[in-house]
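Only one structure is covered here, and it is reproduced in the block below.
Lettered A, B, C, D and E in written order, each chain numbered from 1.
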Amino acid sequence: MNEKVNPYKPYMATVQEAWYETTGDRCIKTLKVLFDDEEVRENWSHLPGQCTMIGVLGVGESMISISCSPTEGKFLRFSVMRMGKVTQAIHQLEPGDKLTVRGPYGNNFPVEEWKGKRIVTIGGGIGQAPLRPIIEYVKANRSDYEGLTVIYGARTSADLCFKNELKDLRNCDGVSCHLSIDIEEEGWPHYVGFVPSLLMEVNPSPENTIAVTCGPPIMIKFVLQNLKKLNFADEQIYTTLENRMKCGIGKCGRCNVGNLYVCKDGPVFSYATLKNVPEAFA
Amino acid sequence: MSEKFEPNIVAFLCNWCSYAGADLAGTSRIQYPANLKIIRVMCTGRVNPLFIVNAFQQGADGVLVSGCHPGDCHYMEGNYYARRRFSLIRELLEYIGIDPRRIHMSWVSASEGAKWKDVVEKVVAEAREAGPFDQFRRNKINW
Amino acid sequence: MNSKPKIGVYVCHCGINISKTVDVDAVTEYASQLPGVKVARNYSYMCSDPGQLLIKEDIKKQGLNRVVVASCSPRMHELTFRKALAEAGLNPYYLEMANLREQCSWVHADREEATAKAKKIVASAVAKVRLLEPLEEKEVEVEPATLIIGGGIAGIQAALDIANAGYKVFLVEKTPSLGGKMSKLDKTFPTLDCSACILTPKMVDVASHPNIELMTYSQVEEVTGYVGNFQVKVRKKARFVDVDKCTGCGICGEECRLAGRIPNEFDEGMGKRGAIYLPFPQAVPAKYTIDPERCLFLTRGKCGKSPKCVDACPAGAIDFEQKDEIVEFKVGAIIVATGYDVFDATRKPEYGYGQYKNVLTALELERLVSASGPTGGQVVLGEGESAFVPKEIAFIQCVGSRDKSVGNEYCSRVCCMYTAKLAHLVKEKIPEANVRVYYMDVRAFGKGFEEFYDRVRREGVRYIRGNPSEAFKRGDKLVIKAEDTLTAKTLEDEVDLVVLSVGLEPRKDAREIIDLLRLSQSADKFYLEAHPKLAPVDTATDGVYLAGCAQGPKDIPDTVAQAKGAASSALILLSSGKVKVQAQVSSVDEATCRGCGYCVEICPYGAIELVTVNRFGHKVTVARVNEALCKGCGACAAGCLSGSIQQKSFKDSQILPQIAALGVKQ
Amino acid sequence: MESLKLDKDKLKDFIAALDSKKVYAPQKVGETIKFAPVNGDLEVSLDFANTTVPPKEIVFPQTETMFLFEQGGTDINLTKGGAEKVLLGVRPCDARAMSVVDNLFSWDIDDPYYLDKRKKITLVGLACLEPPLNCFCPSVGGGPASTEGLDILMTDLGDAYLFQPLTPKGEQLCQLSSELLQPAGAEDNARAEELHREAEKKITREVDIKGLAEGLPSLWKSEIWKEVAEPCLGCGICTYLCPTCHCFDIQDEMEGLDGRRCRMWDSCLFKEYTLHASGHNPRPSRRERQRNRINHKFSYFVDKFGVTACVGCGRCINLCPVNIDIVDILSKVKEAL
Amino acid sequence: MVDLENLRTIAKETISREDVKYFIGWREGTYGFSVSPHFVREPAEADKLIFSPLCSNNLATYLTLAEKLPVPRGQEPDTRKVALMVKGCDSRAVVQLLVERGIEREQVVVIGCPCQGVIDTKKVEQLLGQPENVVRARWEKGKIICQLPDGEKEFIKEEVLAQKCLKCRYPNPVIYDILFGEKVEPWCQEEDFQEVKEIEGLTLQERWDYWQEKFSSCIRCYSCRNVCPLCYCEDCILDRLNPTWINRSVNISENTAFQLSRAFHLAGRCIECGECERVCPVNIPLMKLNKKLSKAVKEMFDFEPGLDPEAKPLQASYRPDDKEDFIL
């Protein structure tokens, strides 16, 4: 067997930096990692929206979105919510520790196609992770896009990811950022309520705009409804799906929604595609 | 095999009687074979019979569960439950062909350091007679 | 929170106790290779201050978050090291001990084998410690009261001490009077002071102490709850005498139709009493009691025309309607001072006790020599015509002690001395008597004991080393057959009186207390202390302490000393006001629990109940643990088929890796 | 290459002549019939109806180690490829199933584990002259003498087997034992064809699957799924033992410090299959799972690869403990369309 | 004779009750001897119900099998009763479920069906081959009559009855709300555990070899567990990965551990309906394991599960004088 072509064989990588974005039971930790092998590092390329299987030998692998844009440098960033066995092990990693990475998998947000347009990202909770690369990409190629609107919410202010970066966003030209939390908190200057309502509040115009949303299934459902109310066309709406997956390369079976494999045909889907798949919003 | 076979025995001891008894054997400097390794639980009642199955799968050649004499359980009844569970798993294991000389239970009180030695010697001797038990081991990871 | 395990492994030399047989360097080296181990060290005495400091420093400087101490038994030092962890700011339950001393170096001589085993023990501890979770030690309030069971000298002393410290005491005595065995003794060795003279004032103090609630002729029926919060139920048996009215005048006793017809327990059956009686003149409380098994009125429903006692009592205290009374109260601590039984000499039939009148037990002789005894202190045998004063008197020691054949391997500790005492007293009363003592060894270890023994010998008491094989009757005389092991001569010794120095035994009703308080017994069947040296008054049940002969044979000074020890242990608990409850309790994963209730059935403490919860809109039944009641035995965890209930620090997920570590062949 | 003939009593010699390769044939192992290596002294018989465990397990083992590693290590040691194998007596449906599954394991990214074994395997088929009761291969594009996926098709002519080499691999195999194989006559071929036709006629179960691929999604909300799923135990026999089912799980297993990553069969009828770590399950009940099973086989797979992921072997019907009958389901679906 | 009309009437009446969700019985299968569980929600569906010697399935499984899907906010779960038909052995499962609180008594309407034994289709197929068309069968005068395409065939019970039925001591339901049909005279008084004794008679090595061969075929589909009415854990330890009791990989060691664990979990609980053995696709004689434990439980603790809804579960009780001759 030719070792090079075995798609199940991961690359070894090392954690460079690691920090907690949020606290609590289902806390989120961000890892900045670098491949051990120079060659892999050089040959690696990904686009916003793509994912990798990251893992810890002896524990297993999890599909995790790459939460950085290729424009940021030769490293990878992952923001991982602690859910179960594997993510728990990932959370235990500290700078210098090894993890395995294979990928990149899946399609990407067509950020190149979107050039010339305004982008609205609508995120909830850990769902901001796959959206972050878009933001970074647009920031890096600011002149190519008409503008960027970031809408992001979480249960409490402590559950918001990338807080400092979001603050900095306000200083960028043509970029607006709207934050929300679900429950009232002392000293919170921004919106209180659910993300779909914040979206209505922000009321982005569909004109020459692409809306991208990612978050818990229930949030996505209402965001989509509201986008339709705001007259976004199906083709203007993008989202990502997360289904359980094992192989990441369209073999193991479990991630399908209807006849689509999330790992290959997704995770990025336009609403135009998804609305015909009954299982997608089951 | 040229080397003498040394059985590997996993023992589950309750904190109050048998573990204390084994400690007493220690303080009394009573010598016994080193084949047996102890896992301390608070009460034999804690010993899930599937621990025994698991121990064999992990590579034990023999298993011992030891606790307080009936009526002396620190928690009153734990050893009674343990005894009932043990008797069932023992029957089952023997039925599928696992040598009963590998599966033991004993009552050793905190004051029976000497008895502890006897128990260990017996358990080790019987497991030695029964020979190595590799047939049930978890699949080796072969390089 | 869920940080990467950084384990420190500390291998102790224990002087040379461990390092002599276990290659501690090799074990340390091995441990350092185990997954998750950041630091592995060895040190001469881990439990010493510098040893503990080593751990604390590493926790602080190296960021350790788990600790394995490979030293002695966790039963010895687990608390020590938990404390060290806590002092360094780490949760104390992140500790696992590997027992390399009691269960390895001390029991194996072969260095190679012991080292190999030590490695496995350490590997198993490391496998477990990695998965341990921080536990919270909760505290509960302590009820500022103590229950003392048994009103012998031990119970009396403990009660007085605690009461004097200002805490409430409930003293429960089974018989109608306080006093226990000591009240039966005449004089006490080695000082020969009068037993009653020193005991009676104490008994009176107890009865009148405002902090002591004395319940004689009573029995503890039920104890539930846990340290600091015991719920006690006591049955006060009906005396059929209203104690508030009874003045103790004794007229009823004299008038009773059965007066002088019932053997008196207090006089070991040698004296007689009536069905209504006071056990002995100095009894406390000085209240009469009707023996329900003998009283004609109570057994047959009729006592002449009308019960004589009723007619006689000037205070009108007799009350045949009286019923047992149940009283309930809460206490924080319990002291068990239930004393002992003397050995039943009929179990050594070769000495003819029970068969020949002239064979007595020492306790019977105590009553005979006592001025308050059945003979008013005269040592006379037989009654009326045949009464005579014995001249040839032999004591046989170690009857029922140090004797495998009756199952008592222990020494009763008091017999040598009370024999000497009684020999002396007999000599005092019958100066012409020839007194000899058959003995195996004379153990005169206490303060003033050897001197006393010397004195008695000087007084002419002959000591013959040899254990008589039998005593039989020949004519009027008793013949003792023995071998003098010093001269290797067999001899037959004709005597008038044989006194058996019976040993001390656990009480026949010891089981009652075991079941009540979940105590254990040691090999000699006396109640087991938590540790023979370091916790001699504590028991395995938190908040329950031992005093006096209930724990093992001892003389009065030792009894009193221990009673004071038990009292102080109880006082420590009471005065601290709070007690930590078990942290290693069970808890239920409500998401997987199927509500079968197996655990509820299993839990010996009734700590689990089934509750209804909402699971995605459905009402489902699941188990829930009351942590204050859970004692952390884990019986529930092994019985739960779906593994939904787990005992903290002994979870399946923590034990299975231990098994794996032990299974792997090296 | 022309057809050949092998005297039945020479079967053993024929197998012996293939020495270098491992020959697998249906055998009774315990109480089960499955493909197992032909061991020298074992009496070979091809008289079994189809095996309980399909030969897919030879190319797609139930548990397969993918690579080995050491805890804390950085070396990943891929498992070595397997040996060449010959499967003797494969039924045409099972052979077709392999070519169906080939699609999956080679689309977009090749699956090296499967393909390595697949390439090293020669399939010697045996036409089903007495098709068992629940076969419906013709309905799904096969037949009792279908040659798809086979390297050689054997037909039992009574005293001899007719060998029809179908691929270069098959021809090569025949050459290995050329002295045992006689050229077949025209009448032998004709007889075989006759037998094949007769066999096909013996198949009684059928279902018309035309239009299913497009139609099935429209029945998304149909009550059929509830009806199917209600008695279903969710046991997964129907998928584990289906020759075309190919889902797998990946797990790491440790023994001391040694670890392996392996994959093992999985089934879309298990609740854990799609269960998210959050507890959310996109297919929360057996209804959705059965719906996925049928849709996957008869619609999604067709969309993606142009073939139905069912070859009509009837195993799922035979083995389902509660008589969930795929032909019956399809007929109901058809009716509802 | 089984009065199907009566059965269907009972079913219709039951299903018409407001407090009944559905009625579970049996219907004819799609081929040969097959039979399928039948869920009746509408009175019309009741006409498909049958009760015959082919009705092997223990329907009590369905009491706990239905998924409890999240109830949308504002809605109430359907907590109406489930009516189900039970044979003697099945009824013991209901009792045991009551003991283990798998169900509440008021959640079920038990239609007790005295049973004269069901057919082991493997046995009858061996005698007859597998017929294409649906076969009907009935009890008649202590015999079993199969209605085959080419006429009727009569069997004496011993030829075709399932093993579990040959030794059945409880052909009459031990619990029911409605009794369908007449009680039958039990034909077996005492379980002699013959098959178990045969294995016990082998040497250790022979036993080991015997079971290893059987266990090696196991494909770990867990059908035996899924079909078991008493395996209703929300999250079975055999599936669980944290902690892992049984590795997912299928090999002889894991298979053996799996088999032992499953059998042990059913000690003192297995009511011997034989479903696990019936469904096993690779024909592992699982009942010989279960029976061994039944025997042990009977001999050591004089206990039989599934007879008394008030009984204490065997594994959650003890007697101070439990046998302990094995203690060192």
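Everything below uses one rule, namely that a contact is a pair of C-beta atoms (placed from the backbone, for glycine too) under 8 Å apart; a residue touches a chain by one contact, two chains touch by 3 or more.
All values reported here derive from a predicted model rather than from experimental measurement.
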Return the chain whose centre of C-alpha atoms lies at maximal distance from the corresponding centre of chain C. D
Innermost chain, taking as reference the mean of every protein Cα atom displayed: B
Chain A-chain B separation of Cα centroids, rounded to whole Å: 52
Cα-centroid distance, chain B relative to chain C, in whole angstrom: 30
Chain centre separation in whole Å, for chain E relative to chain B (CA means): 36
For chain E, what residues touch not just one other chain but two or more? 69-70, 237, 241-242, 245, 247, 249, 251, 315, 317
Which chain B residues sit where two or more other chains touch them? 49, 54, 57, 71, 77, 81, 85, 138-139
Chain C residues counted as touching two or more neighbouring chains: 591, 602, 639, 652, 656, 660, 664
Residues of chain A touching chain C in their complex? 27, 82, 88, 91-94, 97
Residues of chain B defined as touching chain C within the complex: 8, 10, 15-17, 19-20, 22-27, 29-34, 37-43, 45-49, 51, 54-55, 57-60, 68, 71-72, 74-78, 81-82, 85, 109-112, 117
Looking at the complex, which residues from chain D come into contact with chain A? 66-67, 69, 71-74, 76, 78, 80-81, 104-105, 107-113, 116, 217, 220-221, 246-252, 254, 259, 261, 263, 266, 268, 273-278, 280, 282-283, 288, 292, 295-296, 299-300, 303-304
Within the complex, chain A is touched by chain C residues 1-5
Residues of chain D touching chain E in their complex? 29-32, 34, 52-53, 62-63, 132-134, 204-205, 227, 230-231, 233-237, 240-241, 249, 251, 253, 262, 264-265, 267, 271-272, 284-286, 317, 319, 321-325, 327-328
